[in-house]
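Next come two complexes, and both contain chain A; in the first it sits with chain B, in the second with chain C.
Let's look at the complex of A and B:
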């Protein structure tokens, strides 16, 4: 009897589990699986990005009644920014009833690596905005991966471009000394090949200094920096190591306005805890902060005014991470629109149709203005060859209370970055025995 | 009634020395193994194979490795994650650099590399014990992960230090679907689990337990301490190395050195604490508990109260419930899930007439 009971309980439990992973899907609904992370050391990023994305989808549902009448639905899965959990989420979110997941965006370089060999088999496009492998920008070798807006390599090049502008010309960089302080994790080292080649090209020298994870102790590194007296410090850190770097820099007397960060050190959560030490600090961004954009105003009006917002703290609406999430949402919805236009309006699309739409996505100033997101993200134009679409980065400076834009969109050194991308992608294709697509045959 | 061993006589030494002396156990075990081999690959969905069964097997193997060292030989180790990393990276490099090397040979070579590294970091165990030894193995944990990121040769100069597993092919047969990868993992894990079970019952296993219970006494009765402890480190690291290879090749496909951090070592230590020290079954139960409970809670949360509370709160609630459940189990049964299972068996024997 006891055994039987236990057995029945087990069966019941597994049925609940099975039913949970199925869920009921109705017609004219577009399903999306969201691998979010809302706990742990990187929760500030996760809640912001996924909160913004969800709010944008809520806005589309509330204001427009969905995309051409197709309601957006989604299912979240907690990854904890952990690679193994992320892969589990990928598998769990893959199917929902009879609908397939059409886009996977883990907002984590580690998880992106974990699944990027699985997506071609499952026919789910992998979106890695501002993260992931830079060489996946070569769409011939990686048809299913979209490192959109800008890769780490474009960003590294744009940082050097920004420094050149500040000096009054790229040739002025000759003889300059630049320290690169990086957090010792996978993305921290990703920009090195580009920095090395640019150093050769423009005649400056770089010194790379590692900070062990999670980077809450940097005294030794900054003393080293003080001894070498660099002209600039490029900061490649994430999470708690950002304010620590700024505070330690202030203590060792290195001026904050000579430190230039990447976009993972350019959020309010990164500068605010450092207090006055952060004043003057410059960081890259592919999306500025601010609530002035019409789309953010609309979210306030249609979502938050009705008390349906995803952010627990509504003050975070318009912050850097939040706006980045809205950018994710815009790209998702616009690609959905394009896919529907080609494959049938008012119908949910499949992963393959989504892939086509992402690859042919074009967002010009006019379209961005119509969405109400002019200036929130750079213009985008993707193609079979180029899965990045822009590569432009903007720089903003912390004035002690908020981020202020200090540059226009800065172009990366396209020729150099592209040659590196193609070289690295070709090496990957050779190792894995992939025949690159012929882009002239794509339509 | 069902679970009665009356009438089962042992007429030979072989019968007396069986792994499962009770007939009912043998039947259940045979049914389980048959289900795992014959039913699961066909009946289970891709999600179950890839995200539930395969990782549980891989982690059970790692926990088994740690259990041999900590549960049987009594040497506390916090370097399990690093030994897995050695296994994964060594397998990758052997397969990459030696053309035409069969996958299984590469995997075993990876395990042997991990064993060699384990022996080196096991040397301090001859002088220090308990928490102090834990500190020494902690050094292994940090040193190995640091070395794998510091020297790009290990990851074949990949710009971000991440390795992607090569295709698995054995005798021309490609293991490329989730079901095939699961079966490969299952075969390797079952063989190694059987070996571990038997090893624990041999002279070696008995001398490990003697060292665990009191090493001075063990030395007095003629057990060579150095050889026994180092052997425990070697065998344990070999298991962990194989688990690391499987983790990279049959489970994730791409791994980075940071993924084998201290968190992973603690997770595996929790598995054997929850599952039961010094037991093969415990490794499997512990791995299933630690891996699947958070996933189950996440699913449950989304289907029950998930819609009512903010998503951030729901995510944090899962962690709280997970922690509370661990404390609950440790209070109810400090000796782990295996002990619960044994108590259940005792009760079943008397049922339905408990006295």
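Let's look at the complex of A and C:
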């Protein structure tokens, strides 16, 4: 009798479990694999970017009930900003149940390099906002890679453009001496071709000085800069090398307002540890910091007020890294929306459909305003030919406690940057035997 | 000449800061014959605990964040945490590994470093923090005005602190009973135990002292570059210092630090431009390697003779 009861219980339990699983399978969900980094040397950046992204997805689920009723679900994998782990995460996140990952965004140039030849085979679009490599902006050669908003090349050009504005015109850069202090890793060197061509075009000189990883000691480099007496220093450093650079610059008497960094030196975590030495320092940004944006306020209202926020320290909501993550989330959700409009509303999309949507994504001022993100990111318009979609950068200055915007969106030298992109992409296509797509035939 | 002197003095002062980290390695090696891979993680853990406490203590105890005694209370509590860490390490790791080969102990410290890094970030979060010790990081004005030399006040004070710490530790090892016991333990665990030296207590003492050194190193480096995970990398700067100065010599850490600090800066400035720059990360290792060929035990290390 006891055996019979147990048998019946097992059957009942399995029926309930089966029904529950069928229900789960039937509920429309869109899976996303997130290769985050929450521990290790770059955890401050990782927790901010992926925290912002996750909070935006929570907002969409909580406030809108998902995208056309499709709930957003995600799975994280810890990369520790390590290339080998990143590739491992890429493989692990590829599938969950019967759903394929529809977007891979490692927020790391090294991991991007590690997987960017795998994504066409797996049909998973690779989103590389604000990281390398710049020539992947040519969508004819790299149909699966999307270095959106601005590449390192556009950024380098925008930095020079900003310096030109500060001087009162690009022609005023003639005869100027610019030191380029770079962290000796692939992204640190990527802007060089653009800087070299712009130096030739506008008549300024550059002196490049390497800082070995991790860059926690830079006295020799800054003493060289002191002796060189440049008009400006362009700072291409990341992580600990940022506050170290600012502190050492102050120690050697170089004024912070003459140092212009890229966006990987433009977070609160980069300037704040340097204390007063960072006051006046200027850095590029493709997303400004701040909590005034309606989308950020919505996150606070719908996510944090209910105690569901992803950030361990809610005070970081609205920081540079956090807002960058929200920007990632907006692009993901808007592409998802577009893919559903084309391939069927209320259904999860595939990687191929996502790729199409990313390539046809257009976010104008009107749409950004509707999302509550006007000013949080520049307008975007991607195409088969152009996977960058913007290239514009704005600049912020550290006032000792926070970043303050000191410029509007600055355009890069499009002609120069695009010629470099096409030149480099063509060389890559030739080397790999790739026939570039004919964009006139793409829909 | 002025520029050369500036690079040289700057390098010597930076070398003292490397020596500060190297000291922690030397202490533990002297007492247990193990190269403590977790020393960098301990520096990070100590600094993060200190800053974390200064942030949270006012809320916990209802004090003003501006209260002058906050620094000292946080420092004392951090020291207590480092003693606790030493006890935990001895109780749960070292005690099980008595008389095991050095490589086993070394591997255990690798695991320990990951554990400490994870616990530190788990306890206090991954946010980068600033640390102001109230020492101005600006040039000494009379040197600048008289000789056009830019020498940082902060570096001078930090180097003095490192020097004092070395002197105290050297005296401690040479002239105290505990110091002699530490040296005996380093020579042979079992022999030390057989003559009644309390091995376990000695290990707790030496790991706690290494923890105090980690606090000083963490505060100095954290104040320079921010309290963040990268503090663990300061260990990379200490390794060539150890090879050069010898793993068992406290004054050796200082001399090694001075040589490494000065040579890496001079190499970066005068050789760097010919090889693309950024050589100060690997040049000290090359120098240490060359040194190893000439004097394998380091400048002040004990010569090891095995009878066959």
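As a working rule, the second predicted complex is superposed on the first by the 416 of 443 C-alpha atoms of A that agree within 3 Å, B and C clash if a C-alpha of one lies under 4 Å from a C-alpha of the other, contacts with A are read in each partner's own complex, and residues count from 1 in each chain.
We take it that contacts are C-beta pairs under 8 Å (C-beta built on N, C-alpha and C of every residue); 3 or more make two chains touch, one makes a residue touch a chain.
From a predicted model like this one, the values you see are computed outputs, not experimental measurements.
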item	value
Which superposed partner A:275 touches (first chain B, second chain C, both, neither)	second
Partner chain in contact with A:441 - chain B first, chain C second, else both or neither	neither
Partner chain in contact with A:192 - chain B first, chain C second, else both or neither	first
Chain B versus chain C as contact partner of A:38, first or second or both or neither	both
Touching partner for A:240 - first (chain B), second (chain C), both, neither	second
Contacts of A:118 with chain B and chain C, given as first, second, both or neither	first
Contacts of A:83 with chain B and chain C, given as first, second, both or neither	first
Which of chain B and chain C A:312 touches, first, second, both or neither	both
Touching partner for A:75 - first (chain B), second (chain C), both, neither	first
Chain C-contacting residues of chain A that also contact chain B	38-39, 43, 47, 184, 212-213, 312
Of all residues in chain C, those that touch chain A in their complex	3, 6-7, 10-11, 14, 117-118, 121, 125-132, 137-139, 150, 152, 154, 221, 224-230, 232-234, 237, 264-265, 268-269, 272, 276-282
Residues of chain B touching chain A in the complex	2, 46-47, 50-52, 55, 146, 149, 159-162, 164, 251-256, 258-259, 294-296, 298-300, 302-303, 310-313, 315-316, 318-319, 348, 351
Chain C partner contacts - residues on chain A that touch it in the complex	38-44, 46-47, 184, 208-214, 216-217, 219-221, 223-224, 226-227, 239-240, 243-244, 247, 250-253, 269, 272-275, 277, 312-313, 316
List of chain A residues in touch with chain B within their complex	2-3, 16-17, 19-21, 36-39, 43, 47, 75-78, 83-85, 87-88, 91-92, 94-95, 109-110, 113-114, 116-118, 133-134, 184-187, 189-190, 192-193, 212-213, 310, 312, 424, 432
